[in-house]
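Some structures are shown below for you to check.
After this come two complexes, each holding chain A, first together with chain B and then together with chain C.
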Partner chain A sequence: MRRYTRLYWEFAKSHMKVMMEYRIDFLIGVFSVMLEQFASIFFVKVVFDHIEQINGWSFYEILFIYGIAATGRSIHQIFFDNLWTLGWQYIRPGKLDRLLIRPVNPLFHVVADRLHQDGFGQLIIGLIILGTAIPQLDLVWGAAEIGMLVIMIISSGLIFVAINLFFATFSFWMIDSLPIVWAVFNMSDFARYPLTIYHKGIRMFLTWVVPYGFTAFYPAAYFIDKSGYKEFALWTPVAAIVCCVIAYAFWNRGLKAFASTGS
Partner chain B sequence: MRKYWQIAKGRMQENTAYSAWYWAGTVSAVMRLLIIYFFWQAVYANQTTIQNINLETMLTYIVIAMLLQGFVGGVGNELAENIKDGQVAIQLMRPYDMIFKLFAVDVGSKIMYLIQGTIPMVLIAYFFMDLSFPKSPETIILFALSALIGIWIGTFFDFLVGVLAFWTVNVWGVRVLKESLITFFSGALVPITLFPDWLRIITEFLPFQAMVYLPVSIYSGLITGTEAYMALGIQLFWLVSLYVLVRVIWTQAIKQITIFGG
Partner chain C sequence: MITVENLKKEYKLVKRDPGLKGAIKSLFNRKYETKHAVKGIDFSIEQGETVGYIGANGAGKSTTIKMLTGILTPTSGKVTVNGLVPYENRQKNAVNIGVVFGQRTQLFWDIPVRESYNLLKHIYEIPEHEYEETIGMFTEVLNLEPLLGIPVRQLSLGQKMRCELAAAFLHRPSVVYLDEPTIGLDIAVKVKIRKFIKEMNQRWGTTVLLTTHDMQDIEEICDRIIIIDGGTILYDGGLDEIKKQFGQKRVIHFELADKEKFVLPASLDGQVELLPNEEETKVSLSFDHETVKSSFVISEMMSMYEIGDLNIADPKIETIVEELYNKQEQGGKHEEILANS
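Right, the complex of A and B next:
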C-alpha cells in the first residue's frame, strides 16, 4: 500500500510538471469544463424563470442534485479519466502488454498514467454549485450532515468510476469498447433531474441495472425530506462499494481472458 | 483452421467497432429524447403555456433543435488532427483547395448521418412524441433553406475553431468550449425568447442563434411571415461574414506554417 502511494505520488508529480509547462492549455481546459456545466445549469435557470417547481422540486433543490453529481464526477475525471483510453491507447497499440510485465497492478498503472487537468474545472464548478444551493435549502448543517455529504459525494464518484471500469473492461474482448462506455456514460444525464419525473421502468433501470441514480438523485434525496427517499438513500455508500467490487472482479476476468489469448 | 478463424474474428471485431459507434450514437440520441420528453412533461405539469408556447410546440422545437444541432459541427476536428500530426503540409501540396476538400468530406459524412442517424430519430420522435408538422408548404421550404444556411454557418465556425490548433495544444478543451458556446447561445436547449432580456439582446448579435434558433423557430411557427424572411437575411449576413473570416484566417495560418517550414 505504501509503495503504491509513493508510486502514485511520483506519477502525479510528473503530470504536474507537464501541466505547468502548458499553463494556458491547463486554463483553457478548466475554463471550458466550467462553461459546459454552466450552460446546462443556465438552461435549468431559464426554465425556472417561468415556473415554480418541477415535480415538487425547486430550482435550488435541483441545483443541489446537480452539484453532487458534478463534484462526484470530478473525482472520477481527475483521477480515473484514463479508463476511457484503455482500448485505443493500451490494447490496440500493444502498450498493455508492456504494463503486464511490470511489477505493479496493471489497473493501478493505467489509472495512474494520467491526472486529468480538466477535472479540476469540474471540481471547482461542483463546489460552486453546492455552495450556491446549500444556503437556500433550509437545512440544518451540523458536523454529521457535512460528514454525510462528503461520504455521499465520494460514493457518487466511486459509482462513476465503477461503471466506467466495468464497461471499459469489454475492451479486452473487443479491443476498444469506447462506444459502449460513451453510450452508458451518457445515461448519467438522466441523473441530473429528480428520478421521479421519469417512467417507472427508467427509474428501476437507473437504480438496479446502471445505478447512476446513486450518483446524484438518491444522495440529494437523503437531505431533502419530502422526497420520501431518505432511508433508501442510506444505501448509497453500499451501492458504491458493491459496484466497485463487481467492476474490479469483472476487470480481473477480462485481464485473464486477454492474457491467455496472447501469442 | 485456427488461423483462418483468427482472420474471421479479426474482421468481426473491425466491423463491430464501426457499428458499435453507430449503435452507441443511436442509443444516446434515444436517451436524450426520453430525457427531453419527461423533463418537459414535468415542467408543463402545472401550466398550459410558457411565454405563449404550449407543450406540443415546445417539444417540437426542442426535438427539431436537438436533431439540427447534430449537423452544426464540421471538419474542425479533422483539421486540428491534420495540423497536429503535420499532415497539413502534405495536404497543402496536393492539387486542390484544402478548405473545399475538407468541406467535401464534411458533406459526405453529413449525408450519411442524415440517412443513418437523423431519419430513424425523426420517425421515433413523430410516432412516440406527437410532434407537429409545419402547416404550410411555404414554411417547409423556408425551414429547409434556413436549416441549410444554419448548417453552413456552423461548419464555417467549426473550421475557425479547428484552425486554432496552430496555436494551442489542448484541442479537446477548445472543442468543449466551442460546444458549450453553441449549446448555450444557439437556442439548442430552449427557445431564445425564454432568455432574460439582457441575454436575449446579446444573443441576437451573435452568429450562434443563426445556426439553430432561427431555422427551428421557422419550423415550429415561433417566427412567421415577414419575420421569417428577415431571419433568412440575418443568416445570409452571417454566412457571408464567416466565410470571409475563414478565408482570411486560413491565409494567415498558412503564412505562419510557411515561415516555420522555412
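Right, the complex of A and C next:
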C-alpha cells in the first residue's frame, strides 16, 4: 500500500509537470467544464423561478444534491478518468501488454497513467455549489456533520468509479465497450434530482441495479430530515465498498479472459 | 533458466463467410475455427545465452514470447523462467525481465524520456546509486544525452528505439526479450543497437532472446538459433552449424532474353539446383559456394545464354527456413539434415 501511494505520487508529479507545460490547455479544460456545469444549474434555476418546489423539494435542496454529485464525480474524473480509455487506448492498440510486463498491478497502472485536468473544474464547481446550498439549508453544521459529508462525497466518487470500472471491463471481451460505459454513465444524470420524483421502477433501478442513487440523492438525504431516507442514507459507504469489490472482481475475471485469448 | 515443455497455444477464431451477408450471419450463428499458433514446443535456455528466435511472419514467435513474458496463458504445456511460471506469477516474474516490442513503445508517451526513466526507477524499485550508474552508462553507450529532455512522441523511430532499449535494461533484468528491435531502422542505428545488446550480455550476463528478420542481427548478437515454422521448432542449435550448412548457399538470379528455351547447362548439372522463379524472364540457380564458384556459374551461363542482368543474393534467414522446411517435408527430419552436413 505504501509502495503504491509513493508510486502514485511519482506518476502524479510527472502528469502535473506536463499540465503546467501546457497551461493554456489546462485552463481551457477547467473552464469549459465549469461552464458546462453552470449551464445545467442555470436551467434548474430557471425552472425554479416559475415554481417554488418540485415534489416538496426546494431549489437549494436540489442544489445540495447536485453539489454532492458534482464533487463526487470530480474525484472520479480527476483520478480515475483513464478507465474510459481502456478499450481504445489500451486493449485495441495492444498497450495493455506493456502494463502486464511490469511489476505493478495493471489496474493501478491504467489509473495512474492519467490525471485529468478537467476534473479540477468539476471539483471547483462542486465546492461552489455546496458552499451556496449549505447555508440555505435548515441545518446545524458541526464537526460530525462535516466529517459525514466528506465520507458521503468520497463514497459517491467511489460508486462512480466502480460503475465505470465494471462496464469498462467488458472491453476485455469486446475490444471497446465505450458505448456501453457512456450509456450507463448518462443515467447518473437522473440521480442528480430527488429520486422521489421518479416512478418507482426507476427508483429501484437506480438503487439496486446501477446504484447511481448513492452518488447524490441518498448521501444528500442524510442531511435533509424530511427526505425520509435519513437512515437508509447510512448505507452509502457500504454500497460504495460493495460496488468496488464487485467491480474489481469482475475486472480480474476480464483480465484472466484476456490472458487466455490475447488481443 | 528458461525452460519450455510441450508448450501449446490455440486460438479460437470466429469463422466468417465473406461479405455483409456473412457478417450478419455470423452475428447469429457463430462457427469457430481453432488456430494452432504454437503446437507443442520444447527448449531450454541457460543464463547468459544469446538466442535468436526466428521464423516467418505468423510462425508463432510473438505468441511464444507473450507466453514467456506472462501476457498470455498457454493452452497446455509449461514454461518456467528463473523458477517462476510467468503467467501465474506475472508481477513477480516482471521484476526479472525486460521487454522490447519493436512496433510499440514501452515508454510514457507524453512525458520527457528522463521522466519516463524516473518512473521506471520507481516501478522497478531500483536503488538510487544503481540507477545513476546505469543511466550514466546507457547515456554514453547509446548517446542518449540530447534525447533525455524530449517527450517520447517527438522522437524519431531510431531515437525512440535507443531509448526503448535503455528502458528494457534499466532494472538490470536477468533476461531480456527483444521482439524485432531493429525493424525499420537505418544501418547506423542498427549497429549501435547490436553493439549495446552484446555489451549488456557480456557485462551483466543478461540472457537475450531475440526475434528478427535481419540475418545480420542474428550473426552479430546470437550464439544459438531456434527456428520455428507453423508452430513447431524446425531447428535448435548453434549458429555456426547452420551457417556452415546453409550460409554457403548462394543464389543467383539471371534475367534471360528467352526463358522458354532455358535448360540447365550440362557443365552445371548435379552441382547447381534450379529454383522455381515465377517471373517470366528470370531463372534462379542455387549452389554451394564451397564447391562451385559464383564466377564459374556466371561464365557458363553467359556462354550459353544472352543474359540481360544478374543478381547474387545473400543467404536470407527466410530462405534457410524455407529450405529446412522443404527438406523436412520431403521425409527427412531436421536432425537428419544436420547429420548429413
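Following the convention adopted for this analysis, the second predicted complex is superposed on the first by the 262 of 263 C-alpha atoms of A that agree within 3 Å, B and C clash if a C-alpha of one lies under 4 Å from a C-alpha of the other, contacts with A are read in each partner's own complex, and residues count from 1 in each chain.
In the analysis below, a contact is a pair of C-beta atoms (placed from the backbone, for glycine too) under 8 Å apart; a residue touches a chain by one contact, two chains touch by 3 or more.
Note that the structure is a prediction, hence the values are computed from the model and not measured.
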Overlay done on chain A, so just call it for chain B and chain C: clash or fit.
clash
Contact-wise, after the overlay, does A:P103 reach chain B, chain C, both or neither (first, second, both, neither)?
second
Let me test your reading of the model: by the given contact rule, A:L234 touches which partner, first (chain B), second (chain C), both or neither?
neither
Please tell me which partner, chain B or chain C, touches more residues of chain A.
B
Looking at A:V150, would you say it contacts chain B, chain C, both, or neither? Reply first, second, both or neither.
neither
What is the contact status of A:L139 with respect to chain B (first) and chain C (second): first, second, both, or neither?
neither
Touching partner for A:A259 - first (chain B), second (chain C), both, neither
second
Have a look at where A:I180 lands relative to chain B and chain C in the superposition and call it first, second, both or neither.
first
On the A-aligned overlay, A:A12 touches which partner chain: chain B = first, chain C = second, or both, or neither?
neither
For A:E52, using the defined touch cut-off, is the partner it touches chain B, chain C, both, or neither? Pick first, second, both or neither.
first
Residues of chain A defined as touching chain B within the complex:
22, 24-26, 28-29, 31-33, 35-36, 38-40, 42-43, 46-47, 49-55, 118, 174-177, 179-180, 182-183, 186-187, 189-190, 193, 197-199, 202
Contact residues on chain A for chain C in the complex?
3, 6-7, 10-11, 14-15, 17-18, 93-95, 97-98, 100-105, 113, 256, 259-262
Applying the document's contact rule, which stretches of chain B touch chain A when the two form their complex?
13, 16-17, 20-21, 23-25, 27-28, 31-32, 34-35, 38-39, 41-43, 45-47, 50-51, 168-170, 172-174, 176-177, 179-181, 183-184, 189-190, 194-196
Interface residues, chain C side, partner chain A - complex
11-12, 63, 66, 69-73, 87, 90-92, 94-95, 97, 99, 101, 104-106, 108, 110-111, 115, 118-119, 122-125
